[in-house]
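Read from first to last, the chains carry the letters A, B, C and D; within each, the first residue is number 1.
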Amino acid sequence: MKPARFDYYDPRSLEEALELLQKHQADSKILAGGQSLMPLLNMRLARPKVIVDINRIDGLNSVKSWNGGISIGARVNQRALEREKQVAERLPILREAAQHIGHPQIRSRGTVCGSLAHADPAAELPALALALDAEFVATGPKGARTIPSDSFFVSYFTTSLEPNEILTEVRFPGSPKGMAWSFLEISRRHGDFALAGVVAGLAVDPGRRSITGARLVCFGVGPTPVRVKEAEEALIGQPAGEKSFHAAAEIVSRGVDPDNDVHASADYRRSVAGTLVRRALLQVWQKLGGK
Amino acid sequence: MASPEPKLPSELPVTQPRYVGKDTPRVEDPLLLTGRVEYGGDIRIPGMLHAAILRSPHPHARIKRIDTSRAEKLAGVAAVLTGEDVKKWSRPVFGVPEGWTGYALAVEKSHWAGEPVAVVAASDRYIAEDALELIEVDYEPLEPVVDAVRAAAGAGPFVLEGKESNLAFDRKFVFGDVEGAFAQADRVVREKFRWYRSSGNSIETCVCIAEWNPVNNMLTLRGSHRSPHLILPALVISLGIPSTQVRIIQSPLGGSFGVKTFARYVILLSLMAKKLGGRPVKWVEDRIEHLIGSSTHAWDRHYDCELALKKDGTIVGLKVKLIDDLGAFAEWLAIGMLLKPLLALGSCYHIPNVEYVCKGILTNKTPQGPLRAFGLPPHYWVLEQLIDMAAKELGLDRIEIRRRNFIKKESFPYVSPSGNIYDSGNYEGSLDLLLEKAGYPKLLREQEEARSKGRLVGLSVVSSIEPGLTGPPMLALASPKIFTRTASPEGVLVRMDAFGKMIAEVGFPPGGQSQHSFVRQILADYFGVTVEDVQVITVDSLTMQPGTGPISSSMAIALSGAILGAAARLADKLKRTAGVMLEASPDDVELMDGQLRVRGVPGKALPVPRVAGFMLMRPDLLPEGVDGNPEATYVWNPPDRTIPDERGFGRYSVTAAGAQHLCMVEVDRDTGLVKILKYVMVDDCGIRLNPSVVRGMLMGGLAHGVGAALLEEYVYDDKGQILTSTYMDYLMPTIMEVPAAEEHEMCTPSPIAPLGVKGVGEAALHTTPAAVLCAVNDALQPLGIRITEAPFSPLRIWKAIQGGQTA
Amino acid sequence: MKIEGRYLFQGTVQQVWDLLTDPRALQHCTPGCKKLEAVGNDEYRATLEIGVGPIRGSYEGKICMTEKEAPRRYKLLVEGSAAVGFVRGEGILTFQEQEGGETVIIVNGDATVGGLVAGVGQRLVEGVAKQTMGQFFKCMQGQLAAHKSGGKTEI
Amino acid sequence: MATTRAIKLRVNGADYEGTAEARKTLVDFLREDLGLCGTNIGCEHGVCGACTILMNGETVRSCLMLAVQAEGAELMTVEGLAKATGELHPIQEAYREKHGLQCGFCTPGFLMTTYELLQKNPDATVDEMKEWLSGHLCRCTGYQDILESVKLAASRLRGE
């Protein structure tokens, strides 16, 4: 289990990196934390001719405040989500969810942007990005463009990034006022990719009677993380509680289109996605002071 | 006139043992903890090449053409080995029953997805893997055999060329009057069970470095080899090489659990070495290779079982029909795993009438290979599950029904229906201890309360027997011509040097079971030296005494026997020498607390090192028949074993450790996930030579058992493709899935084994799967469902809950 | 693994049949088909660049049409092998004429992925197989539409 | 670009230089080129944790890094724990006392994780210990004695 040969570049500047990508296009692959790419290289399932290692580029390694939320550079590792104070203050759900990403020994190398660009349908960060309306800064030869999260994830391991672009930054806006969040996933072992998972956001009116905002994103149940708008809409205006959560869960179970694999069938994933939605909503409701 | 073997630690020639029976720090640890131990993978030899193996992607295919020319031309590649070479230079890999295996790599046909098709040797592993990509193979896919039950019924196609069947093994054993017992029973419970394959998965994979010197025709093998004397016959048979031309040098093992007797790959590497004409070549199995192709998968079983009982819960009969999917070959000793249940068909229970029908079926899957506990865990699960079912049907308590059927304390030594002897035990006592320590009544109340709230909480109390030191005798049932042996020898050489230090030469490397530490503990207590005074050396296959190494829960038994035997012989020499030195009759000299002293004459004594030194320094003064060498060799063998007769009646093993486990689980009805709430075990493995080592074995076996019960499974699709080739999908338990178990000791010393020990190495793996699986089914009882396919993945549990299949 | 599908085409059975048996269309619409050379008897040697994201490889193999019953059904076989394993998809395509000049193709088949790529990528195999088949027929639908509207097909 | 590169780095406080093909993994470089065989290989896809080392103070899987990526880095491997005199580190002592190892193959990885955890979080809770240890597979011990070892090491390092 040893990688095939490739040409290796570790540019010192973003410009240099972009030139390399421009030159080699789809023959090249960006190496950031490598926690998804390296196993594929070792198994020779990924066979890029050129590796562009972005770890020595100046910059791209900070977590900054942005629009009430935070922005995270391409080189920032996943441990930053647990370490950085701003994350805990502004988007505690990111910190909570980060503990589900692999293990500490993986999060030390694995980057936030790397996981997003890799777009594993069962990974946590893509679902969080979709739920939190993150925007993606893709830098290419002609400069930077911003991709909204609802058009970033295309399919299994596929995003709308072009081969000559680098995801230089991801920006998570501040959570809408009054919105609380919950993150739940199930896996057969701690730290594994999820069989199914959910990011749930909920806001209720000050009298805490009816739901004023909802956000439901499931993952591990299809080619990309899925936002189930129909279920969100069904929640709006309803009284917060088991009954409406259950109804939303039913919509989710009907609305997702998962695959079969050796660990879970499509039916199982559908059903569990619903269960997780119900449980996550109850959890958020509790965070909001509900019973 | 060697001293009699001590039957208990108190009989050692020491007033109070300082090491035996105590948590003595292990000699293995400092090197392991500092990364300074040399595992097989660390070995480098000048000129060494690296091998990589090309594997068939097809479960069943004819190899129409193989072209290695491009690979051979790649810079750095030394040679490519193919089926042509293998056919020319070797015979098929040995296996029992004979005739149901293939060559060490695919010749003309590939038999499972993952079977070796070619081997490349190159200057490094990277280049060797590059070369694999340049080998062109044309396959003609053939219809694969995937369903063992269909294949057992005689349906084609057939895995092996020239065979008109896939039925490699088919035996029916009947002990007692089974039909009569069933006819008179008040109740018969019947169920079908399925146990899917898993494996040992030591964290170190297999490593072999082969060097075949063409000048003196000497084959030297280094690496993670275990039990050279078990592998050697396979090499001699397959390679046709004289046994004295093979030298196996064992490295410390990074775990084994059965997998480090990888005869197929040792043969393959030897053939590669032959092709290389003297250059050494190293193969380090990678994890994917380990998961798909290492002849390590085990127990892929279809059970159909019946248990017959009286109204009061007395078990009168058991019928087990078993089809085991062996994979592509009946390779090496794998068939033994079908036979081992014969040793303990009734487990801890007296079941007088038993029928055991077992079939070993070839399919186009990875061939089975040895796995810790060697075939018993599924048997114990189905038996315990049947007892739980019977209890429910008869309206009996799970404890009561077990108590009623336990072999009584007074019945030992107990002769099982198949003739095996359980040496000692106290199952009811263990059960009482278990229930008390676990707080059983409270757990029942907790379960009831949880159930009243709709939670799915389950409890189980199960038992097992761990036969200590089994092996060759049962293989006579599969291959009577070859396996006419009762021996499981373990030999050591012990000597003292002129400085009063001791050296023990053993035939096995450290491998996790603390084997070298035990040697030191026993010798240090025996001769009154410190453990630091004892150096333990692993010798190679040409130097070692007849030996088996730690397999089949044998270490504490066989090793103690060997060490004590050698110690007694050495002590005898020392006594005779001391007799001269002390001017006393040797018969009056005794060894005690490191002194050779004249019985009844206080003060007339000499320390052992002085006497040993005298032997080395003053041959002129030694008594007749004593040479100038304080050294002794001893080969221990299990006493009183027999070769089973035609019916399968025989004395197969030496000791019978008993275990009782309690497990409490909760099932999440929406997700099918299982959480182990409580786990308590009582284990009776006789005298514990090093209690923390025993505890470690039990906890390790427990984790392994949790894996087998809930997580680990090799999944094949309907075309015979294996779908679990990485640790992402083959799920080894982590610390999060393994419960913090409580462990309590019961001790009925073995009256047979030296020092009163019993085997414990396979340990909790016998019992834990049954405990976890029965507890899950108990949790599901309010829903009226029962799961019969293990492991109990969340998907299987969820499906059962959804389907509401009634029991 | 079973593969099933039902695809609606805005064209007559004959038109759809002609398209679906046209090697140029097959090459164009088989995802990742880099090369297609006729070797006779409706059999073509093919080079397929397939995979998802970074898991990508070049598979050498063939595309065959057999059991042709024009214009009602045929069997389509696509297979390729690479160092990491092989892929093989085989399906009966049944062409059913609908009212209003439309045609439905019903696919009933079986896909196998073997070797390393199956054992490592099992989590994705089914989804990617479905997606690949979807892409194939979507492309064919596009081809037909383009052809009918008189525009040039991309072939 | 060249496929082969010179690599300079510090391991366990000593300077090392070597040359490696770009595709060579860090663990292979440590073992084959630097002769530091204490770090073991168990799966080469990041799951088992046997190859875990410290890079610039953080635990990483050395099978999931290229050797060239360690250029200029400060690494610590299991060989760096004990003193040159052979005296074991308190963590190693604790593993020995609590029988936190059997075959020892996974142990170097466990030790490095224990080292980072207790460096950063001397008061780690049992749950935190388990979370960190869950990134490692051990087939021998069933983990309970490893956890006990880490607890003992933590209390020793706190000077208790």
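Here, a contact is a pair of C-beta atoms (placed from the backbone, for glycine too) under 8 Å apart; a residue touches a chain by one contact, two chains touch by 3 or more.
The structure displayed is predicted, hence computed values, not measured ones.
Among the chain pairings, B-D comes first (most C-beta pairs in contact). Centrality by Cα centroid goes to chain B. Centroid analysis (C-alpha atoms only) places C farthest from chain D. Centre-to-centre spacing of chain B and chain C amounts to 50 Å, using the average Cα coordinate of each chain. Chain B and chain D have Cα centroids separated by 30 Å.
Chain A and chain B, compared by their mean Cα positions, are separated by 44 Å. Contacts with at least two other chains are made by residues 21, 23, 44-45, 134-135 of chain D. Residue positions 83, 116, 120, 122-123 of chain C are each in touch with at least two other chains. In chain A, 1-5, 39, 43-44, 190-191, 193, 262-263 are the positions where the chain touches two or more neighbouring chains simultaneously. Inter-chain contacts occur between A-B, A-C, A-D, B-C, B-D. Residue ranges of chain B in contact with chain D, taken from their complex: 23, 25-26, 28-39, 41-42, 126, 200-205, 252-257, 284, 286-287, 510-514, 692-693, 695-704, 726-728, 732, 734-736, 738, 740-741.
Note for the complex: chain B touches chain A at residues 125-126, 129-130, 133, 286-288, 670-673, 711, 715, 723-724, 726, 728-729, 731, 733-734, 736-737, 793-795, 798-799, 802.
Within the complex formed with chain A, the chain C residues making contact are 52-57, 83-84, 116-117, 120-128, 130-131. On the chain D side of its complex with chain B, the touching residues are 21, 23-24, 31, 36-45, 47-48, 50, 77-79, 81-82, 86, 88, 92, 95-99, 101-108, 111, 130, 133-147. Those residues of chain B that touch chain C in the shared complex are 55, 57-59, 113, 132-133, 288, 291-292, 715, 717, 719, 721-726, 728-729.
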